[in-house]
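Below you'll find the structure, written out as structure tokens, and then a few comments.
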Amino acid sequence: MISAPLLEVAVLLLGFAILLCESFAERIDKRTLAVAGIIGLGAVLLASFFLSPTPAPMPGPSLWSFYTADPLAVFFKRFALVTTILVLIMMIDYAPVVREFVHGTTKQSGLGEFFALPIFTCAGLMWMASAIDFIMIFVSLELVTMSFYVLVSFTRRNPATLEAGVKYLILSALSTGFLVYGITWIFGVTGETNLARVAIALANPAIERVPALFGMVLILVALGFKIAAVPFQLWVPDVYQGAPTPVTAFLSVGSKAAGFVVLLRVLQPFFMLPQMHRLLVGIALLTVLYGNLAALPQTNLKRLLAYSSIGHAGYLLIGVVSLSGVAVTFYLVGYLLMTLLSFAILIVVANQAGDEIRDFDGLGERAPFLAFGMLLAMASLAGVPFTAGFFGKFLIFDAALRHHETALVVAGVVTVACGFYYYFKVVRAMYWESSKALTPISLNPMSRIAITAMMIGIVALGVYP
Amino acid sequence: MITLGHYLLVSGILFTIGFAGVMLRRNIIIIFMSLELMLNAANLSLVAFSRFRIQANGLPDYNAQVFVFFIITVAAAEVAVGLAIIVALYRARQTTHVEDISSLKF
Amino acid sequence: MNSALPWYILFLPLFSAGTILIVTRRFAVVSSFISVGAVLLSFIFSCALFVSPLTHSLQLSWIDIKPVLYVPFGFVLDDLCKTMLLLVTGVGLLIHIYSLGYMRDDAGKARYFASLSLFMFAMLGIVLANNFVMMFIFWELVGLSSYLLIGHWYERDSAADAANKAFLTNRIGDFGFMLGILMVWVATGSVVFHDIAQGVEKITSHPGYLTAAALLIFCGAVGKSAQFPLHVWLPDAMEGPTPVSALIHAATMVAAGVYMLVRVGFVVQASPHALTVIAWIGTITAVMAALIATQQDDIKRILAYSTLSQLGYMIMAVGLASSEAAMFHLFTHAFFKALLFLGAGSIIIMLHHEQNIWKMGGLAGRLGITFLTFVVGALALIGCPPFSGFFSKDAILSLAYERSGMIFALALFTALLTAFYMTRLVVVVFFGKPRTDHARAGKEAPTVMIAPLIVLAIPAALSGFAFFSRRFLALPVGKESGMLVSLLAVAVTLIGVAAGIALYRNRDSEPLHLGALRRRLFFDELYAWLIGATQELLAKIAAFFDRWIIDAGVVGGVSGATWGAGALLRLLQLGNLQAYSFLFGIGIIGVIYFTVFR
Amino acid sequence: MSPFLFWIFALVVVVFGAAVVINRNPIASALSLVLSFMGLAALFMSLDAFFIGIIQVLVYAGAVMVLFLFIIMLLDLRTEQRRKINLVAFAGGLAVALALLIQINFVIGHLAAAKRPFPLLPALRTDDVRNIGALLFANYNLPFQIIGVLVLVATIGVIVLSKRELR
Amino acid sequence: MLAFLVFCPLIGAILILAGAPARRTALLAAAMMLFASVLLYLRFDSGGRGFQYVTTLPVNAEWGLNFTLGVDGLSLIMLVLTAIVTLAAVWFSGKIEQRENAFYACLLAISGGALGAFASIDLFFFYAFHELALIPTFLLIGIWGSENRRAAAWKITIYLATGSFILLLGLILLYRSVPDATRSFDFRALQAASLDGAIPVAAQHQIYLILLIGFGILISLFPFHTWAPEAYAAAPAPAAMLHAGVLKKFGLYGLLRIAIPLLPEGARYWSNLLVVLLLGNIIYVGLVTIAQKRLDWMLGYSSVMHMGYIFLGIATANLLGTNGAAILMFAHGLSIALLFALAGEVRRRTGTLVIAELGGLAKVMPFAGVAFGFGAFAAIGLPGFANFAAEVMVLFGAFRNGADFQKFHLFQIATVLALWGVVISAVYMLRAYRGVFMGSLNAKWAQLTDVRPSVRLPVALLLATLLWFGFFPQSFVRLLTPSFQQYLSANQR
């Protein structure tokens, strides 16, 4: 049996090891590092199934007042691990682009860091997953953010990337500022930073509501930034479009999921307050509408996926509002699969053509396998039955109806129709149009395995949840 | 007589100034400074709170001060990375002005 | 075996139709003989059935949702039915044989005989049906087969249009018919004639409802037997081959309406108001058709209009509550009108499809037998004693005489007109000198066509006499007023004949021109305008509305609006960092406001 | 703590903070940032948080400032030449900032404790460096480790991002 | 057996995508479907109430979600319909120029979706299977369609997607409306619950309306009908056959299967609205149909119009009407498929379907002429075809609702108008027939040849079925009556 914190330690060690190899073994092909990372993370993932249960929180400060290994946490640790593995696989496909935009002494310089950083990020995500103390949340969240600063603007010869990097930097720092200020206020009111104790303190009627709410709202702002909820979504389209594609995928899945798990934890003490509920409903409504509507006119697939990820954040928020942890979790898993799948295919295709939708013209003939995978991903994102996406939506709507969130449900239905529109634009490009270039698109075995796995996963979750 | 409120107000003003700077200035470096201001404003409140809440053992609540310590560290690291990015940007585009980096839009 | 007879009678023609359609479409001659054989067999069986005392036959259930609706597939086998069977199969047989000659070298011979068999099937079905729904089924099928036969030469636009016209007009009639059936069913809970007759007081107890139902059922008859105002299709139906005109549009199908009214007499007769309406419709039709007939030049159209007016007589009789008289006239009319049409047919084919009577003339010599038989038919039609028409028409007249003076007068007038136009026809066609080369070259038709004429001439002459017809149907009891009426009838007939001869002897062209009558009282124009003004207009409006308001307007509008909203929203993404932080700020104060301050 | 000193330092903090934003010359802003932080440090000390105050001075005046100035020099940013100020944006920004300030003020108003003066510390004064250190390495061990990782990542990042490369 | 039937087409599709010889595999699969369905039909115990051949595979116990297959009379005839039409469509679509295997795979996928929806007695899969057929439709129309395939495919996809998600809401609400104890996706359980009056009346009103809108969009209920003609005009003939013939019936099936039995109160409450709308279908759309200038649009609209009669049958909510509706679904499916097939054939030869440009084609394509004639007469409800029997039942059923001797009520008026609709349908059908096949032959088409032999068999198949059930409707009524008695048992309270 393994104690939960060891998982992060293991991941860290893996990261260090890769860094060392990167810096001292100049000769080796850097891709082997990625493979090593994948294997290592796989091992950790395996290990995560043999965890010793969380010891009862003993009185007095200890590790366990910051850190929990409850099922939710463990689940999201695995989530983070899987995400990172897949992202690494994508990064291997993406390596040529990196090489093009990072000139260095050796022809592979920079790749090592490129592969190492996600692993540290993964550690950060895992810590976020089990953070139950505001300080812990702050620290791990900053770790994640920090590494994303670097990753987003990694291919720094590419102006677009740098622009994305700067935007992400400033806005994210801004949100950090609000996070800190919010935590300050919570602390000021309750004198606590541990969530459980904060909850106890808030339960006490003597506490002042207004400052507490104020602090909470500021924290929500920061988290809303992470999960790309309207009105804090503004960075998303630009950054997603500009960032290196695997990083985009990582952002849209990893940091969003972590944001949600933190959100679920943080909101626990505050749900009893009607204002909070009202606020969340409003935000969910705006998010789901904004994301899906603004996606309609997009022509760049990365940007389209950015908007759609806003939309999905909206659906997830609906789930959060309806207090349905199951729905949110399931939806996130489905979201992971379909988003990463589409990004993986996007990378492969973009290497040959580009990331505009019209670059997918005639993919049906050029690369039937990829096209079918994309079809599946799009169908799932749109919510066609027998895909994970459908079940996710089903559960979300179910939960929402159970709580009589009529407005949300109506918005949901309307936007689902929009979703069909813009996701099927891709399908149309792939199957209706005929492409200029008819060169078949090569696909390295590892990615093929990964893509197949994700396709199977989508269908499996859709048929047998 | 100086109350907790005074400190909070000062920190609030500082926070606002920082935020205003982020919104108003176009030079990314200065925007970055403003962000620092915001973080430190938070620190001020934190310290004030920690001083205000005397523990049973008659000491200020050091948890807050530890948090301040973390914030300062993070801020410093952020500055380092941020400035690196800005430098890279300047190398690529010879500018630190936000208007000049609005190619990604809509 | 015996109890299955009706089934054989009914399904033999269907069988032949099917066989021709599926198997022997390629081989015209075989097909024709199959068809003739089928009708011959069912004629024989009909005779057998006629003499057999059989009154019940096995019965299937077509739709059976007891207790709600039970539609059997069964037969009524009373005398009326048996007679009609005999009539239909008999005349049908003759006309089949005649067709062998008439359609000898027609491209679509096989198709023709298939349709003919189909028609026989349908007609027999009407005769045999023991419930409303089944009757309606065959009613529609008759419509279908007449559609096929009228449109036999579908390349001809006129034929195609005529076919459509016939079918649609009948559909309008059937609309009423079905409605009537529904009303009767709802009232009595059954569609089987027998049961309805049992529980008829259920419906007779509500006079208004009854009248409505009766009239609606009558609509069916109006459509099928081409009564005013739905008569317009019959003259156009003459586009079909002549034997068809003889069989369907003279002898049998158009009589189906009358038969149906008689069959459901227990409902119709129960409503005096309905009866008056029916009587008057019949009268109007009779007069109007006779008037129009006087001015037509196409030999078949003349006969068609005379058919209309004779049908008018029958409906009149029904309206005067004497189904016997109606059936009697139907019976005789079948023979002589078929005879007349077939005669006309042989003339037409001998003159290479010349139908305009003014292009004929002086045929008496060349087409001897045709002439003789035709004259017999004509005499029967104008009701000159002792030919069959005299008796049956006399019966109706005397009825009218008792019931209503006005109707009687009109009926007499019609009789006069009938005499007039038939005389005109005979005189112009057979006497005087030939007016075209065809007419000069005309010679007698082949035996296969002549034989039916002769055979038909006999009943056309004799079927009036009680000793003959009593065997077949219940005759109307002779009235004591009979003598006077008969004298009047004969008188007007003579006047008509005289006028006809006086006017048309040795004429080469129409002496008097009555535009209105030539143009058939403008019915077609009127209806064309009516349809154009209502249905077509509505259709166009509706189409426009659908295309532009609902589809482009509402549906397109909604989707367009959504898209537009998206296009607007994405403009929020100015791409400018300051703008973002600004919006971020607005978002924050908004959020704080809504949460903390409200 | 005397109100007088508090007012002085508060004024310093706020004024120079504002100067950071207002100054057109980056160097000037940077220097005023330092001064503002100095004031902040003083305020910390006035709250008996000497360790934090010292850290503040060291880290900001020592490290961060130098970094800023160094970069400014490196990129030698002149006073930003007068571009046309978008008045609408400017006014809007100010409005938003003011709104935020008002809201914060309101919230402070709702904090009952805010009215109350600070409780006196008992006479016995142990140095807070030790206290904080103890807390840091006992309770906050895990976050501290994470911070370490964070700094590592930052280092890697800076190296990666500004490694001079040869074409 | 049933499972085999349902998965037969899907497996076929997968095989084809895997590279099996497209046409032969598809034909084989379709033939096996037909065989299986006929076998089911023959071995079906008409006396037995409830579902037969039930097979269950638990999926998620927590939500009471099982993958349950089973048939009663209603679903049985729908299965038969699907099998027949699929076979006809596959057979009809001969050589496809581009991406043949994809084409056949899509066809099979559609029919697989339909079969699944009809065969599953689990609310969830009932919905899911239908939704599954959406993508193949999108592809079929989009890739192999005619002129404005793009617009049409978009419209139908978005429209139907919206509709089906509205429907999903309704279904979830339904699922929620039952008390937790009996909560289940299983029809049987739900029916039992509703019999105990477990579904509150207010909820019924609300849910029924949502379901009506959702299904209505799928069935092109006026005024949600405008997608249909456009899509069918643009779609390749086989797709039109399958969609108009089979898939569209899903909504009606749903109304019969869910709305009527589970929400009797709702049905009663909204019946007036429904009647008004369906009159829109019959009269308004009928008039629109008259004004059409192209054969394919005419057919599309006519299929929309005939939905009105089925709705009428459903609206009556009595044994007669529902029976009629069910059989009319079957009959209409066959006849419209037949007509679309022949229209497609004409298009393939002449390249146009503008009625004015055609004419007299019966001379050069006699078989097509005869077959189309049959189809047309079937469609306008001429006796001898199943359509007539069904319409008779529907009309009788409708006229009976609340009839009395004094005045006509809503249903009587509706019946009168519906009867008039029969006239209207005769008008447009005959006009089109006369315009295309009768009249003088346009010289342009003089050298046309008659239809391919490969078309004759499917046509014959469809016609034979139509005629058989026209002469012996009882052979369906026998099967349907028990299940409908069960559905309506809730109404009898």
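Note that the chains take the letters A, B, C, D and E in the order they are written out, and that residue 1 is the start of every chain.
Everything that follows uses one rule, which is that contacts are C-beta pairs under 8 Å (C-beta built on N, C-alpha and C of every residue); 3 or more make two chains touch, one makes a residue touch a chain.
The structure presented is a predicted model; accordingly, all values stated were derived computationally and were not measured.
Participant: State the smallest step count from subunit D to subunit E, taking one step as a move to a touching chain.
Facilitator: 2
Participant: Would you pick out the chains that touch subunit C and also touch subunit D?
Facilitator: Looking at subunit D and subunit C together, the chains touching each of them are A, B.
Participant: Any idea which two chains share the most contacting C-beta pairs?
Facilitator: Greatest number of C-beta pairs in contact occurs for B-D.
Participant: Just by CA atoms, which chain is the most central one?
Facilitator: Central chain is E.
Participant: What's the chain with its C-alpha centre farthest out from subunit C?
Facilitator: Using the mean of the C-alpha atoms as each chain's centre, the farthest one from subunit C is D.
Participant: Report the chain whose CA-based centre is farthest from the CA-based centre of subunit E.
Facilitator: Chain D.
Participant: Just curious, how far off is subunit E from subunit A if you go by their C-alpha centres, in Å?
Facilitator: Chain centres of subunit A and subunit E, defined by C-alpha means, are spaced 43 Å apart.
Participant: Return the distance between the CA-based centres of subunit B and subunit E, expressed in whole Å.
Facilitator: Result: the chain centres lie 66 Å from each other.
Participant: Round to the nearest whole Å and give the separation of the Cα centres of subunit A and subunit D.
Facilitator: Roughly 31 Å, centre to centre.
Participant: I'd like the Å distance between the centres of subunit A and subunit C, where a centre is the mean of that chain's Cα atoms.
Facilitator: It comes to 78 Å between the two C-alpha centres.
Participant: Enumerate the residues of subunit B that touch no fewer than two other chains.
Facilitator: Those would be 8, 15, 18-19, 22-24, 26, 28, 31-32, 63, 66, 70, 74, 77-78, 81, 85-86, 88, 99, 101-105.
Participant: At which residue positions does subunit E touch at least two other chains?
Facilitator: As it turns out, subunit E has residues touching two or more other chains at 158.
Participant: Which residues of subunit D are in contact with two or more other chains?
Facilitator: 89, 93, 96-97, 100, 103-104, 106-108, 111, 113, 139-140, 143, 147, 150, 154, 157, 161
Participant: Throw together a list of every chain pair that touches.
Facilitator: Those chain pairs which touch are A-B, A-C, A-D, A-E, B-C, B-D, C-D, C-E.
Participant: With touch defined as at the start, can you tell me which subunit A residues reach subunit D in the complex?
Facilitator: 5, 12, 19, 61-63, 65-67, 102-105, 109-110, 113, 116-117, 120, 123-124, 127, 135-136, 139-140, 142-143, 146-147, 149-150, 153-154, 156, 185, 188-189, 208, 210-211, 214
Participant: Quick one: in the complex, what on subunit D touches subunit C?
Facilitator: For subunit D paired with subunit C, touching residues are 89, 92-93, 96-97, 99-100, 103, 106-107.
Participant: Write out the stretch or stretches of subunit A touching subunit C in their complex.
Facilitator: Within the complex, subunit A touches subunit C at residues 166-167, 170-171, 174, 178, 210, 213-214, 217-218, 220-221, 230-232, 234-235, 237-238, 275-276, 278-279, 282-283, 290, 292-298, 307, 414, 418.
Participant: Which bits of subunit D are touching subunit B when the two form their complex?
Facilitator: Per the stated touch rule, the residues are 1, 3, 6, 10, 13-14, 17-18, 20-21, 26, 29-30, 33, 36-37, 40, 43-44, 47-49, 51-52, 55-56, 59-60, 63-64, 67-68, 71-72, 74-75, 77, 80, 83, 89-90, 93-94, 96-98, 100-101, 104-105, 108, 111, 113-119, 121-122, 124, 126, 128, 131-132, 135-136, 139-140, 143, 147, 150-151, 154-155, 157-158, 161-162.
Participant: Could you list, by residue number, the parts of subunit A that touch subunit E in their complex?
Facilitator: 364-365, 375, 379, 382-386, 390, 394, 397-398, 401-402, 409, 413-414, 416-417, 420-421, 424, 427-428, 431-432, 463-465
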